[in-house]
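We call the chains A, B, C, D and E, going by the order they appear; numbering starts again at 1 in every chain.
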Amino acid sequence: MDWKALSIALGSMAGIGAVLGIVLAWGSKRFFVKVDERVEQVEAILPGVNCGACGFPGCSGYAEAIVTSEATMTLCSPGGAECAHDIARIMGAEVEAVEPKYALTACQGGNVPNRFDYSGVHDCRAAVVPGMGGGIKHCTYGCIGYGTCARACPFGAITMNDKQMPVIDEEKCTGCGRCVEVCPRDLNRIDRESRTVFVLCTSHDKGAVTNKICDHGCIACKKCEQECPFDAIHVIDNLAVIDYEKCKLCGKCVDVCPKGVIVNLRKERRARKQARETAAKEATT
Amino acid sequence: MEQAVIYLKIIFAAVFVQNFVLSKFLGLCPFIGVSKKRSSAIGMGLAVIFVMTLASAATMLIYQYLLKPFKMEFYLDIVSFIVVIAALVQFVELAMRKLAPALYKALGIYLPLITTNCAVLGVTQLNLEFAKLNGITLTDCLLRSIVNGVFAGVGFTLALVLMAGIRERLESSPVPECMQGVPIAFIAAACMALAFFGFAGIA
Amino acid sequence: MAKQFVITPSPHLKTKEDIGAIMRAVCLALAPAFIFALYRFGYWSIAVTAIAVVTAVVTEAICQRLRHVPYTVDDYSAVVTGLLLAAVLPPNVAWYVPFVGSIVAIGIAKHCFGGLGCNIWNPALMGRAFLQAAFPTEINSGTWPAAKGESLLTSIYTNINGSFDFLVESAKQVGADVITSATPLEQLTRVVDVAGKVEIPGAIYVQNGVIQVSNSQIFDVFMGNTFGCIGEISALALLLGGIYLLGKKIITWHIPFAYIATVALLGWILPAPYSNGEATAYTAWFTGPWLMHVVGGGLFIGAFFMATDMVTSPMSRLGKLLFGCGCGLLTIVIRIYGGYPEGVCYSILLMNTVVPMIDCWTRPRVYGTAKASCPKH
Amino acid sequence: MAVGNVFTRGFFKENPVFVLLLGLCPALAVTTGLKNALGMGLAATFVLVCSNLIVSLSRKFIPKEVRIPCFIVIIATFVTIVKMVMAAFLPELKEALGIFLPLIVVNCIILGRAEAFASKNKLLPSVIDGLGMGIGFTLAICIIGIVREILGAWMIFGIPITRGGMAYSMKVFILAPGGFLAMGLLLAYFNYLGAQRARRLALAQKGIHEGKGAPAVDTSNPTVQTINSQNMIGKTGAGPCNLCPGCDKPNF
Amino acid sequence: MAFLKTFKGGVHPPDHKQLSKDAAITEAMVPELLTVPMAQHIGKPAQPVVKVTDEVKRGQVIGESQGFVSANVHSPVSGKVKRITECNTPLGTKTQAILIENDGQDTWAEGCNVESNPENLTPKEIRSRIADAGIVGMGGATFPTHVKLSPPEGKTIDTVLLNGVECEPYLTSDYRLMLESPDTIVKGLQLVMRAVNCNNGYIGVEANKPDAFKIMEKTCKELSSSDARLAAVMLEVKYPQGGEKQLIEAVLNREVPSGRLPMDIGALVQNVGSSHAIYQACYLNRPLTERIVAVTGEAVAEPANLLARIGTPIGDLLRHCRFDEEKAVKLICGGPMMGLAHFDLEMPVNKGMSGLLALTDASDWDFRHCIRCGRCVDGCAAHLLPSELSIIGESGRFLDAEEANVMDCIECGACTYVCPARRPIVQWIKLAKQEIMKERLRKAEQAKAV
């Protein structure tokens, strides 16, 4: 054993280590800057899809806003309740449960005839630029059908069916609201899971006009208005509108609507919720 | 004049002919990871140049004054170099955060990436190989490794920035789905490396 | 039901010149060069071309099939790529060289990046660079087929100075199929000082630190009476094609002009290394054989057909000038100081790499604003 | 976590090269042939196992603030040992690996495993993790190596595949561009396979989506930016996106 | 020919003007029922001031201007108000419209159609005459003219440019007007110059209309005086030479700063048609109730330049010129480069409709990826990078387009005309502008809320 070499090696390594250690220790004291670790912690929890549903520039912006308590912790739609709880744990606060929200398209696109041929960019927003005819279909309130919402959805929850109407997959939908922003006809809306009765039409055309061009359009017949036991649905400007303050989601209006404009999603949603819960149970066991 | 030509050749070789990324495969992780945006590519590149220069100088000094005289260059080089580089990077980061916050915002976030950037340790190893093979004077060795360090960093930055420009363009291209992101970056790097073959044999 | 009119966005007039028309014009412009190649090198050169073109078209169709995008082989862009690739291959390469080259050019350099319009590098040149690295012996063989039959131009210009013809003639006399000789640019890179020795007819040599190239040699090379790749030997034919493209406004003058001018200027200015027997010496400044640099090798096909490739060149006019100058600089540096006799291919590829940056630096000044701004994204 | 999973996940699901995109430099630099690739892979595996072992043993003693330098020193020590052993017994291989042998120190896989796994787990799992990841790394670079050797030299393990077949080899594949190209095409191929698999899975269990996949590297600790950033790079790579519920898109 | 004045950029589409170039201006048949839209101009729509069943006379104000940037609307015929409803307009929007049943008498309202000498009018009076007559930019932009003539305090106009360029293919209405009524145009120009108190007036004419140039030059020389220097300027044939900013650049070599107006650099541009209307308003007391429309295109058998009443359905004009409804594929109001396609034959003529084209070519938008040929960059009169904008548009990142100066685009369509990949660049640009405006509105609202 070459003791000399060993001791030199040991000594020099120890020396380097000591010198660097001292320098770093001094440096960390000398150049100390306080940073809030929580920002990074929160950012790590956020899904990182930068969808903007929270209203901040990306997940990092939202994380910073949470830590500086500019924003509440429940704004992240994609992350959902789980995410909110994790953030709350870091921030040392409790949050109320977040009910899931889903998007819904308020048009069923019932066989509306075309007014003209269109050749150009297939984007609903392009179709409503002045001079582009305002959508190919005769109904100037309903879905244009170029799938802008489907392309805008960051979660692939919207697909266009063969009738060129958007179909929203509620399994994938996180209620982020991108589709609401992009729809030039304001057809998409985000609503709580428990709210299940909707009028799927936005046409303010006169009943006769709507009747002629659309088989799923509100014709302002007022049957729903008469049927409603809670005075919660009214025909305003040729369109049935539900007042959710009064609506008890009984679904009577759904049954009387001759055009199938009003729908009730309770059954489907309940079934799906049950499936989700059993799946979650299985996963834990 | 002679000296100048020699250094010119070193520089040309470090930047183009023996480009660290495109012909030596050094520093690929940051090359692929930080080349998505031009601004961050420039930041990363500058940080690498900075650290490479310091590391080249520091490690050459350690080699000349510590490892070589005590005949430890065979078994203590890696350990001592990496420790010095790690400490250096951390110290620079600390100092920059305090003294130049603006610079830290631009470059500092890339500094932690550099410790494990093999380009930095790689340049010290290459300098070492040169110093071992050609026993020229100490100052010459030092100067050479610093120049090599700076311009290897410049070469890295060049490749990184060009790559960032290309990837920005690719972002709006209908790249086949399975190739999006990293695979196409590698294929672009392959094409860049092929193009850089043109410099072969110069100097 | 009333008549349904068509609604389209304005403008309602569109130029007749679509991508297909542009590509067809490029094919047409390349025709003289290939007709000349048929004269000069015989049928195998056209077979090589055919292999390259067919492979390119088939690869394009296959790629589009795999990517589930519409077939656009009818736009002739794959044909152009195949033609250009063949143009920069030696006439006597094995069949698999153009085959592999076209697959790489279309499959990797074009469709991996998203197809026409998205490629960063000129596909044909990328194919060529790949082949150069993959099959170096095939590409740099230095053997060229002896001209089949009496070449028209050979007979016309033999009496001037058969610098290359005498080789062809002698090969024909001994019945050889191939002859070994250097292209003019290869000769330029291997020049030696022959001070005091006899002058070799047709060779390029150095005297008193100046490279000696006779006008007749240059004229021969210009006419295509020389050795080289299929499509690039006749500067005259390429010039005709280039003028046609310029006339049809398929290309603008900026890139070819900047490119050729830079090559000529730097070819004249820069000192070239040569061997004076024992060591490497340098010729004097401002004495370079600039005309040989211009007409020899692939400069014309590079300047008129490759560098002007729309997809891989800058968009603004200033950018095009910059691009051309960069190509010229790199070409000359590689030719004089680099390891390859020809620098056109690599110089264009290198400049293609820089195009995104050039595009950013040379954004036009927007009407009514003080200066152009490069968006941060 | 099951020991078997710890061992095997590095092979495919979290392959350090193809999925996490770590250790790219050696994966391209020394894969001109199968022989070098195997040598590098084994050397790295050895270092990985040993460093995981020591890190795991000493995880209670090393103060949190200086653990990264400590890990680096531990790794560097083992790399030096490998270097010396190789110099003594396999000088040829050492020459072939060149500077990439000492550069094992900065191979992100090793530091990443030390930080993310060994410093938090007991001895046995740490060693198994190191072994699994090491084998995954070796596997990956051997795949690259074999592809490049066949295409570039028409040989496997230095033995020609057919007599006189050299003519068809494309020498570019043993050069730098070929390395990048092979890597890019292999990654694309694995992406393609991953996407196919994800699509099949999604079809099979329509709707029922597993929870978040186990993160490759623990991201909850923000003090170690190095590892975080590496993980960020890893995320940009292939593999199904495990961020959003029900998403079957590969995450690029 | 060598160095005619022009601007930087531009393209050369085929002009197709021979179709209607030699057809003298004729009066169009006045239909039984006219639809007079209330929004025929940029700015707030006019407010109807008549009720259903009211009797109206020709030239009577039926829509009152709302606010400063707005214009009056007058009845184009005498008759009875039948209905107040909605109609499509050539501007591509829907607006309120007054349906008037024509009584065939064409009785002018009181004080209208009376000759008067405007020599003694003050600038302010000229402006108010113009405002009362409801004159708007008749080249297609339909910007209220009196607004243009009222520069705010501190801004002076030193040059008035009359736009006789008519660079859009097919269109010949301005050309015919210049040939047939040169002195009204020049007198109108003099009135404008007096209204803004400046001495220099130019009329820009493209070199492909040498006869019009000659006649304008002659008239200018005749009417020029020391305090009103008039000249005709021949300009290179290039699209969009007739763009306001391009005309200023070509004639005066000045650039309108981004986001500003020509009056900021002391220039004022008027269409020759507007000038003619100003003449009629001031000399004849006739409000703007008719305009010249070039009805042309491949599907029109007898192309013509018709003097049509505002409110005439375009179907009537087309049938007047014997258009082939089977053959026609596309109807365009305005020129083929900037005009909008329409599908409604009942849509009325408005004040800005300079042309009515029935084309047989559908020109599908089967576009490919940008091949970066750079033709759009060379052709762009605003010196933008249309290809970049199109790529931004294609990938839907509309808000990014703002950084690429999309708001400076004049939507002339030159980029889209030359694009060999057939990319609908202008549509993406319009879309991006729309989205950016929406975003700005949203931000402003947010700011207001905070």
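Just so we're on the same page, a residue touches a chain if its C-beta (ideal position, glycine included) is under 8 Å from a C-beta of that chain, and two chains touch if they have at least 3 such contacts.
Since this is a predicted model, take the numbers as computed values, not measurements.
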item	value
Other chains in touch with both chain A and chain D	B, C
Most distant chain from chain D by Cα centroid	E
Of A-E and C-E, whichever chain pair has more C-beta contact pairs	C-E
Identity of the chain that, by mean CA position, is farthest from chain B	E
Chain centre separation (chain B, chain E; CA means) in Å	61
Gap in Å, rounded to a whole number, between the CA centres of chain C and chain B	34
Distance from the mean Cα position of chain B to that of chain A, given in whole angstrom	44
Rounded Å distance between chain D and chain E, as computed from the means of their C-alpha atoms	67
Shared-contact residues (touching 2 or more other chains) in chain C	4-10, 108, 112, 114-115, 117-118, 130, 133, 376-377
Overlap residues in chain A, where contacts from two or more other chains coincide	115-117, 119-121, 126, 129, 131-133
Sequence positions of chain E contacting 2 or more other chains	340-343, 362-365, 369, 424, 427, 430
Contacting residues of chain D [partner chain C, same complex]	168, 170-173, 175, 177-178, 181, 184, 188
Contact footprint of chain A on chain C as seen in their complex	1, 4-10
Residues of chain B defined as touching chain D within the complex	22-29, 32-33, 74-79, 82-83, 86-87, 109, 112-113, 115-118, 120-122, 125-126, 129, 176-187, 189-191, 193-194, 197
Chain C - residues contacting chain E, complex	2-15, 17-19, 21-22, 72, 75, 114-118, 252, 310-317, 320, 363-369, 373, 375-377
Residues on chain B engaged by chain E in the complex (per definition of touch)	172-174
